[in-house]
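A, B, C and D are the chain letters, set down in written order, and residue numbers restart from 1 in every chain.
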Amino acid sequence: MTTTESHPVRIIASTGPGQPDRTPELDELYRGFENELLVPLWTEIGDLMPPEPRSAARPHAWRWRNLLPLAERAGALVPVGRGGERRAIALANPGLGGAPYATPTLWAAIQYLGPRESAPVHRHTQNAFRFVVEGEGVWTVVDGDPVAMRRGDFLLTPGWRFHGHHNQSDAPMAWIDGLDIPFAHLTGSAFFEFGPDVVDDHSTPGRSRSERLWAHPGIAPVSAAGRPTPSSPIAAYRWEFTDRALDDQLALADEGYPGVVEPGHAAVRFTNPTTGGDVMPTIRAEFHRLRPGTRTRTRREVGSAVYQVFSGAGQVRVGDREWTVEHGDLFVVPSWQPLTIESDTGVDLFRFSDTPIFERLHQHRVRVEDGSEGVDR
Amino acid sequence: MTTTESHPVRIIASTGPGQPDRTPELDELYRGFENELLVPLWTEIGDLMPPEPRSAARPHAWRWRNLLPLAERAGALVPVGRGGERRAIALANPGLGGAPYATPTLWAAIQYLGPRESAPVHRHTQNAFRFVVEGEGVWTVVDGDPVAMRRGDFLLTPGWRFHGHHNQSDAPMAWIDGLDIPFAHLTGSAFFEFGPDVVDDHSTPGRSRSERLWAHPGIAPVSAAGRPTPSSPIAAYRWEFTDRALDDQLALADEGYPGVVEPGHAAVRFTNPTTGGDVMPTIRAEFHRLRPGTRTRTRREVGSAVYQVFSGAGQVRVGDREWTVEHGDLFVVPSWQPLTIESDTGVDLFRFSDTPIFERLHQHRVRVEDGSEGVDR
Amino acid sequence: MTTTESHPVRIIASTGPGQPDRTPELDELYRGFENELLVPLWTEIGDLMPPEPRSAARPHAWRWRNLLPLAERAGALVPVGRGGERRAIALANPGLGGAPYATPTLWAAIQYLGPRESAPVHRHTQNAFRFVVEGEGVWTVVDGDPVAMRRGDFLLTPGWRFHGHHNQSDAPMAWIDGLDIPFAHLTGSAFFEFGPDVVDDHSTPGRSRSERLWAHPGIAPVSAAGRPTPSSPIAAYRWEFTDRALDDQLALADEGYPGVVEPGHAAVRFTNPTTGGDVMPTIRAEFHRLRPGTRTRTRREVGSAVYQVFSGAGQVRVGDREWTVEHGDLFVVPSWQPLTIESDTGVDLFRFSDTPIFERLHQHRVRVEDGSEGVDR
Amino acid sequence: MTTTESHPVRIIASTGPGQPDRTPELDELYRGFENELLVPLWTEIGDLMPPEPRSAARPHAWRWRNLLPLAERAGALVPVGRGGERRAIALANPGLGGAPYATPTLWAAIQYLGPRESAPVHRHTQNAFRFVVEGEGVWTVVDGDPVAMRRGDFLLTPGWRFHGHHNQSDAPMAWIDGLDIPFAHLTGSAFFEFGPDVVDDHSTPGRSRSERLWAHPGIAPVSAAGRPTPSSPIAAYRWEFTDRALDDQLALADEGYPGVVEPGHAAVRFTNPTTGGDVMPTIRAEFHRLRPGTRTRTRREVGSAVYQVFSGAGQVRVGDREWTVEHGDLFVVPSWQPLTIESDTGVDLFRFSDTPIFERLHQHRVRVEDGSEGVDR
């Protein structure tokens, strides 16, 4: 985004309803505005305040079959270490000027770690998570707690926790990182700090200490209970629990009981057990399962989301774009773009979004095809 | 509590510091107060406003070896049905005037259901739970959802849910009920309504529908997520999870990590996954495990608690009372009475209390032997 | 409340629906219960768990013309000082066994201070307020902040604040105290501590420091903003503001706009500006104004309330009792008793209640004559 | 922000610590990233994740003596009406690419209405306020409630309320608008709707209905009490109250009592009386008064702020910029830029900021010269 300091403002006289006639006096006024770093509302309001949200971000899909080879190639050419910090390659939404932003608020990247490699320790106030679409063998050490990364797991690194990764296996591993980097960057609100250059704890426990304390259903340690924390204390949400919860929902539906989002569509949200709310203040994370032959109702929502196909395949329509997606593919749903997902053979999808931002600011709104509309819960 | 309507008030002239000299004029004044249904503060303040809480309730222990035979005998003599509603026998604290109150706020009873018996459906705004110290074979049906009752399970019936029980086995079953009946009665705040005379759903699923939707660690159904409910949607907290969480805490302590309440003392709290808070607005429920050779720090707390020994044995001191307790025994800890528990051989204890009332009203206070004191979290 | 320690429990065998037939075996069982300090539910349930709340408290009215002379007489006979602490004379509800309880949760007393007298400093966790139905000249000093007491003012002494009073005038002054003493006493939850025997700050500012910081509409000091406190930081809610707010509501109604509770009935609630909620965790305080010719809808509410007539007169019906009340008269509305107030000439009423307790515990319920019913806001 | 659709991504190979050596293979990899709309973290991390916030916005000051004549000139040349909607001229931060953004989240504009002019009715989910640095005679009608605009007043138009303005006087009037337009635009989260082309209620009450219901200190109407609303129900915070609250703080300081922010520096925050929090979910508004001879401690804060001098004059330092400011001048403090204000003769300052966004997302942090640092209140 290059601006010339001397004339950062350029006012284009508009024509049409509500616009003044173009005259030499008006031009002179507009030059006066420019000199004083001023911009009139009346020339901008159509773009600035449209009837419904118009995100600069565009619907787009990235293919795992293209991403993974590039990540592997980066594994060969780009070392991991202090300074570069992570071998992470971010999705750059085509509407966002080349910035490494999946959406105006969210970062999504594929991260790759070769056999026996490790990534240095740092912390930042940006909230982060990882989702493992395939593979295993890496441990992420979060504030000293080693957390195994395995297929289907959803793993948290909430803001300001030191963390580094190390691959204890002889195979490379790739996974997805999600963060609120764009939001923090646009608002100038984040801090970053280096930790040790190497992770020193190379132990490989099956369960992290956080899970041993907190990942029991409806149960909290008395030593910490009753004190809500902004982010979840659970470092890993394991696939076996997610999978079972989805199966349970569909089985309940078969028996005639509520639970699923809509017929054939089960969905769970990962939550912070100390509040019942989202796992982190800026990021919502969910897992969706569509049975074979299911088509979701078309849905618009304030805020943006990124999906990754975990297994199966489906047809996705976002606004005027449509794709067939399969294992590992990622796609972006910009704010208020209508989304429909359909699957003949069934599909499992991981989803994350910036919804908590809008819910906390009372800006959230949902419109579903069936006519229901929710505002500002 | 008998009062004569004509003279409900009796003022006893006090002597001592801060009291007026007794004179005929004072007596006449006091008779005037009585006629107008008035009571002076100055004669009552010592009792009404002591330096520290003095509960009318007394420390007391009830023995399972005495309770169970009486319950069995009631099983032979007292039918279960509409009107009496439940074959429940309540602990009557010796300091509370013969009322069926374990403490000024809490009800605790042993309930007994013979083979193939069932208890009729009703609902009430009082919050209720059951804890199963032994046995199995009964299902409690809560708003139509059949919930298996098994050894070690903690089961919820939050206020205003229809519920009935039925024993599907050929053996009798006894368990503990806990409610906030005394609190509701003293404050005149509860409603009650009959449902069908018999439970009609006699199915015997291993997991309730509530568990299938909600009893996955840190996971909520999207169809209900983000909407806090006053009470937990989990109808049953199963022993296998409680037991594992306690084991995990002790193992973490062995490895040098935090989690236990104090050395040798693991404890978990049952929570509402939609808020992270207590399971019900008036009742806190916890499970405590003391390793062999452990002695707890002496602790006082505003509010009252009832404990039941689940397994093992220990020595308990509450105020000036001391008992050796074992499987099934119940004891009461009145507000601000110092409590110490010690066990040579290890002990598992279920505990419930009225703490949420005082936390929500900013009246909670804790004082621990080591000098720490917490006020009004 | 006298109980014989040896036999605190007496079970009366009941007859009727749901009760077992009386037999020698049953009697023996009941004696067994008594020996073990047990009480069956089936004999008690009708009283313990009625369909709708039945408070032990009764509707009752106390007359200012009787109260004030007794308080004056106490002023002559009973000194104020350390030990007795306050020359306060409490309303004793005829249904509550002679205890100085206006309702099961609330204390209401007339307090009297002669010319130049003062009351010693103490603090307690019980929440307290004063309402001034007439007179002026006393300052209450709350944690060192002198607060003038004047006609119509509502004054706070939230829990655990040191406070003493001193009369700087040559006339006596009487006012009403409200506290949550019964609630604290029944639950054994309160602490008390003596301060200095005399108030040392005898300054007489027109506004307290708390008002200068906090009693500006919608405005908070930045030095304290954004940190909610359990109780309001405003020590005095002045009559001029209350009066104007009530006038404004009625004028708005005249102009056709909403604001009043119902036609002819304006009402304001005193609130904690740091939360927007009630002034103290256990006590709600309001002021109601009925225009001449107004009759309120009949209303039942969970929780109890005490009213004092500030000016004017009216007819009050509470359950099956009915009174004509006027300046200074107090009356009690027990939980769920239907209340109707009617006034030909207009009436101003101060009201306080224990509603925050029930709202926080999700036990609040309201039923209004017009058929509307609200549960658990 | 121009991007070529065909190549929206351009990766510049970096050199230095943590960067791979530039080789033909690396260049080929980067071209592969570009083709797939991918950007590596390692080339961007220095800019994306700096140790401390680096806002793209720059400190800048706008002079009232320049703004007002331009607004007057616009009054002569640019009509107000449907389509253009408002004669508002926005501050364009020199670091933000020419967009009409005072900061990355906040809009600040001078709005101008000639004698007898009016601005059409619309609503939008963006939160808005007005601050009146001088003049009077305009009424803003918010959801049908006419609100007088007078010198020193702070006026609210929370999101989704219909509003229009009309000047009832024979003099023009100019004031400042503040909104969260940039935040809503960047995140694609806002809705907009036209109302009537003209305001139909031309009445000119001195107080709005909202003030008559809500602008009494610590007092809420019972008909609406206990139901928190996302934004304040008070449409106008009048200067007389603001002024008095500031005077009171300084007088308290003179008497030795707390209240001011620091010596010589009084400050009040405008709050939502239903919650005690900020007036609107995205905007904080405050008024600051510095006594003659006062210098504030240097302070950094996450989030951005805009100040307008109401009266007096002072020296302001923001980062490496420094200005002398006086009546009507506006200046911007980007996120984490150190701010110091000093005044020899005393100065009154209106301030608004986006702090609620960061507090609600647990991203707020403050660092004050004296070493104190606050995180995540």
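Here, a contact is a pair of C-beta atoms (placed from the backbone, for glycine too) under 8 Å apart; a residue touches a chain by one contact, two chains touch by 3 or more.
All figures in this text were calculated on a predicted structure; none of them were measured in a lab.
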{"item": "Chain whose average C-alpha position is farthest from chain C's own", "value": "A"}
{"item": "Between chain A and chain B, centroid-to-centroid distance (C-alpha), Å", "value": "44"}
{"item": "Length of the line joining the C-alpha centres of chain B and chain D, rounded to whole Å", "value": "52"}
{"item": "Residue list for chain D, restricted to those that touch at least two other chains", "value": "none"}
{"item": "Category of the chain touch graph - line, ring, star, complete, other", "value": "ring"}
{"item": "Partner chain C, residues of chain D touching it in the complex", "value": "209, 211-223, 225-228, 232, 234, 237, 241-242, 244-245, 248-249, 251-252, 257-261, 267-279, 286, 288, 359, 377"}
{"item": "Chain B-touching residues of chain C, taken from the complex the two chains share", "value": "1, 3, 5, 8-10, 16-20, 23, 25-26, 29, 32-33, 36-45, 48-57, 60, 62, 66-67, 70, 73-74, 77-79, 81-100, 104-105, 109, 124-126, 159, 181, 184-193, 230-231, 281-282, 302-304, 334-336, 354, 356-358, 360-363, 365, 376"}
